[in-house]
Amino acid sequence: MATPLADRDALDIEGLERLVAHILSAPVSGLFLLGTTGEGPSLSYHLRRELVDRVCSQVDGRVPVLVGVTDTSFIESINVAEDAADAGADAVVLSAPYYFAPDQQNLWQYIEAINDELPLPLYLYNMPGNTKVSFAPDTVRRALQLPNIVGIKDSSGDMRYFDRLRRVVAQRSDFSLLIGPEELLGEAVLLGAHGGVSGGANLAPQLYVDLYHAAADGDIQRTKQLQSQVVDLASSIYRVTASGASVIQGIKTALSLLGICNDLPAEPFHRLVSSERRQIEQAVDRLNLHEAVQSLP
Amino acid sequence: MATPLADRDALDIEGLERLVAHILSAPVSGLFLLGTTGEGPSLSYHLRRELVDRVCSQVDGRVPVLVGVTDTSFIESINVAEDAADAGADAVVLSAPYYFAPDQQNLWQYIEAINDELPLPLYLYNMPGNTKVSFAPDTVRRALQLPNIVGIKDSSGDMRYFDRLRRVVAQRSDFSLLIGPEELLGEAVLLGAHGGVSGGANLAPQLYVDLYHAAADGDIQRTKQLQSQVVDLASSIYRVTASGASVIQGIKTALSLLGICNDLPAEPFHRLVSSERRQIEQAVDRLNLHEAVQSLP
Amino acid sequence: MATPLADRDALDIEGLERLVAHILSAPVSGLFLLGTTGEGPSLSYHLRRELVDRVCSQVDGRVPVLVGVTDTSFIESINVAEDAADAGADAVVLSAPYYFAPDQQNLWQYIEAINDELPLPLYLYNMPGNTKVSFAPDTVRRALQLPNIVGIKDSSGDMRYFDRLRRVVAQRSDFSLLIGPEELLGEAVLLGAHGGVSGGANLAPQLYVDLYHAAADGDIQRTKQLQSQVVDLASSIYRVTASGASVIQGIKTALSLLGICNDLPAEPFHRLVSSERRQIEQAVDRLNLHEAVQSLP
Amino acid sequence: MATPLADRDALDIEGLERLVAHILSAPVSGLFLLGTTGEGPSLSYHLRRELVDRVCSQVDGRVPVLVGVTDTSFIESINVAEDAADAGADAVVLSAPYYFAPDQQNLWQYIEAINDELPLPLYLYNMPGNTKVSFAPDTVRRALQLPNIVGIKDSSGDMRYFDRLRRVVAQRSDFSLLIGPEELLGEAVLLGAHGGVSGGANLAPQLYVDLYHAAADGDIQRTKQLQSQVVDLASSIYRVTASGASVIQGIKTALSLLGICNDLPAEPFHRLVSSERRQIEQAVDRLNLHEAVQSLP
């Protein structure tokens, strides 16, 4: 889930409420706050806490709420996790610490140590493009021994790696394997992934739910057709700028064009310029994204 | 300066006092806290504040104190900078935000925006190995227009880049160009750098002061000889493990062998194992590092 | 197809004949010589010519023969292509020149210029791991305008890229989209790829033909089961060493254990040591690879 | 030395003679043919042979001629080395094979094996930007045991690596350590390198000879001043395009503006467009490069 901002250090509270309502208008399986699309690492801690509080209140148990706690500081990760537990969240999500790059031995010791301190179940989050470090399959295999670790989201985009993970996690039937990049959601679920965490679901949640079900049901034709819509959305909305936040800028701009929330990204990024915004506008129109929000209050 | 730790979230207070006294026993030009060797991004914010408070008190104006404020969150950077100003520090040091990689346009806007909010003069800190992003020479050229930005430390290790910086910053006579990697301190100063920020000065501060002066005086033979000692120290102490914190682990282990402070690194890293510690011990003996600390109380 | 070697600059002629016969014992769609698994860039030109001559003679039109002509020298690429045409090959395969990295504009001009000189139809070959450069989707789009270019093999392993290629090449119904990494063959064909070029087909050609058909027929369960066998083969045979030729060393060692051909790789690589060879031997036994070759003369 | 081309597969013979005469008009220590600036890997083998023959004839023993033999094929490297010996060249220069990336063990075995077959002394050539692989200091240490290996040229641009090499090769007094990037020539020689192999010496050979002597004599002020001229030349001539051959395109264009030779680069690169050529023209004028060639016939 994106984090609607009114200002550099203030939530867009009404936008946030509309966004949660919009996403929950489709039968999604859960919400993931403070991930990459949620710009977690860019927000102040008091804002992270406020966001988690507000969303947990609004969701009120209808779906699980997962909270990103990835941080370069062990203690601050724990602090966010404790805030999340207090707010009533259901699980936390953790990637590698990302200033110093740990090797796999350091990474495993880190996971083990932090897991001991967490008040909530833990999902691992493989995001080497941002953190510089991938969870090696053998590190994931070791994590299976810890019952509090309940799944992994892989955003590497490397399907050979993902296939290796699939074989590794098959050893534990209660362990979730989730795919990050939405362009790969269809094929990942066709071949056995348990779901996806898709930024585009901020915009068109029903599309991603439908794609998941088509793939889980083994309906190849429908999977290909819905996946094609997802790739179309991603191609036209996520690559308007060359910056590392192009996906986030695209999603927030589209959300503001849909009347859902403010388009302000967190520092160090900025609103799209008007020519870029017009490109998103054309895509929003062409993709009929307005349809999905007509029923919002 | 390294950050002596007694525990995951506690300073080694006596060790910290000894370390500051040890470094100031040589005529160093200043102290840089919460940089990479200082494990800044790995520490909790209350620990960072406590560290800055204690060191500023102890230094008491004898040399300038610079404080690292690099963060993925704009607001938290400002918070640390304000703490530093309150404590009496002299300047802050800022690298690129390091979860999302900004392009040069984003990076420049970020520098401009954060500089407006800072209560202290600013040094830029080029550290692409950890942040994934380098300050392009043109971005540094733009920064010269902002009088509050007073220098740059380059830890890229790329001397062609450093030479380009040297030509860029020549436009402003009050702008400091400092070299990070200590193996390059001699040649950088020979060719016009204003100084260095060397992790090894935690161990042997006089050696680095001497090397600086030899190079600043154009004494090539002495520069080569002292530089060779520095490379010898770096080769034998900084590469004992393959982890991203090998330098820090080596420095902290040597500091503990010298009786100065605890060897505990911040998460996600750990103490060296005994065979590694023995390698450091042999290097400390061979390099006569004990000599430099005999005069400490 | 691997290139059986008797010595640094000599073919293992009987091994070569057995290998061709072994692969053609399954209903494969063609042979690709002098690719990455074929160690094309490592061989002398007279050896490349001899290989192409011998294989074209032996195949004698039963299946198409494709010949790799990737080179850092434009002229030498043309020379190999002309040799291939003389020998009766059906197409050539070309990656980016790989000493100097061209940008996309240079790469497109290069493709256009070399295509004009080629005596045979051309497949592009995306292999950024070895060449440092990927064919951008827009470059492939431009290539669609040249009727002599008839397909592309993608060995990037990046399925988001592959999905973008799929959308690009859909514009030309006679253009083949082939997947390189065999661990991705199933999902690629399920979603619309026209086939794969799999190194493992040197060992078990029927398995790869079966996997292709299962996926092309939309049989998800069988695709998953056969893909799992492929991943098992790849995991146990392709990663025995850490070198850049681990796949080739594994395939050649397994081929020699199957009695097909010599295990000698081209310089700069060497035979596996005995402990590594034993690992391959155990995998060959466990995977029942002997079964597939019982019928060979 | 650049390779003047009249056409894709033909030397610019008169240009070549003028270029050799121009470079030898300064007291350079030798000529290096078929290196990176010489576009060695891009040329056909008969052209490489013709080039070596013509240059060796023209030089006629006045200075040593070194010939690049880097290749992906072991046998073709040997073939070029034998041609070079026949032509009367003095040494060959070899980088890592560059399609498959060898690890250090493979690289060492390769050096050992090829050295056994070479008819001439061997310089190693560290060029990881193009070959993907660096010669580890320990690999260079092993090479010191082979008397036929007489030096190394380092084009990594990494001065910490270069400093480590310096310490390694100090063990053998007859071993040459040469720096590639000309922006680093001054500081490398100040600190003990034996010389440089500078592409800019195609344009202004006396400048590079002067810089070498200033640094070898320990004249820091003159080193800084001449180095600054070199950086100025490099900044204005080597970065006009974004392609991987920008240096070569700049040098060849400047050479043609000086009336020395054709500006045609080898495939996959092309002549600069007119606006880019004008930038080079302005730089050639501003840097007074015409002066250096007035005395040519």
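Descriptive notes on the structure:
All chains are identified by letter, namely A, B, C and D, in their written order; residue positions are counted from 1 within each chain.
Keep this in mind: contacts are C-beta pairs under 8 Å (C-beta built on N, C-alpha and C of every residue); 3 or more make two chains touch, one makes a residue touch a chain.
Everything numeric here is computed off the predicted structure, so don't read it as measured data.
We define each chain's centre as the mean of its Cα atoms; on that basis chain A and chain D are separated by 50 Å. With centres defined as mean CA coordinates, chain B is found 35 Å away from chain A.
Of all residues in chain D, none touches two or more other chains. Contacts between chains close into a ring here, every chain touching precisely two others. Applying the touch definition to all chain combinations yields A-B, A-C, B-D, C-D. Per the touch definition, chain C reaches chain A in the complex via residues 157-160, 163-164, 167, 181, 183-184, 186-187, 190-192, 218, 220, 223-224, 227-228, 231, 235. Contact residues of chain C toward chain D in the complex are 8-9, 36, 39, 41-45, 47, 72-76, 79, 96-103, 105-107, 109-110, 113-114, 130-132, 242-245, 266-270.
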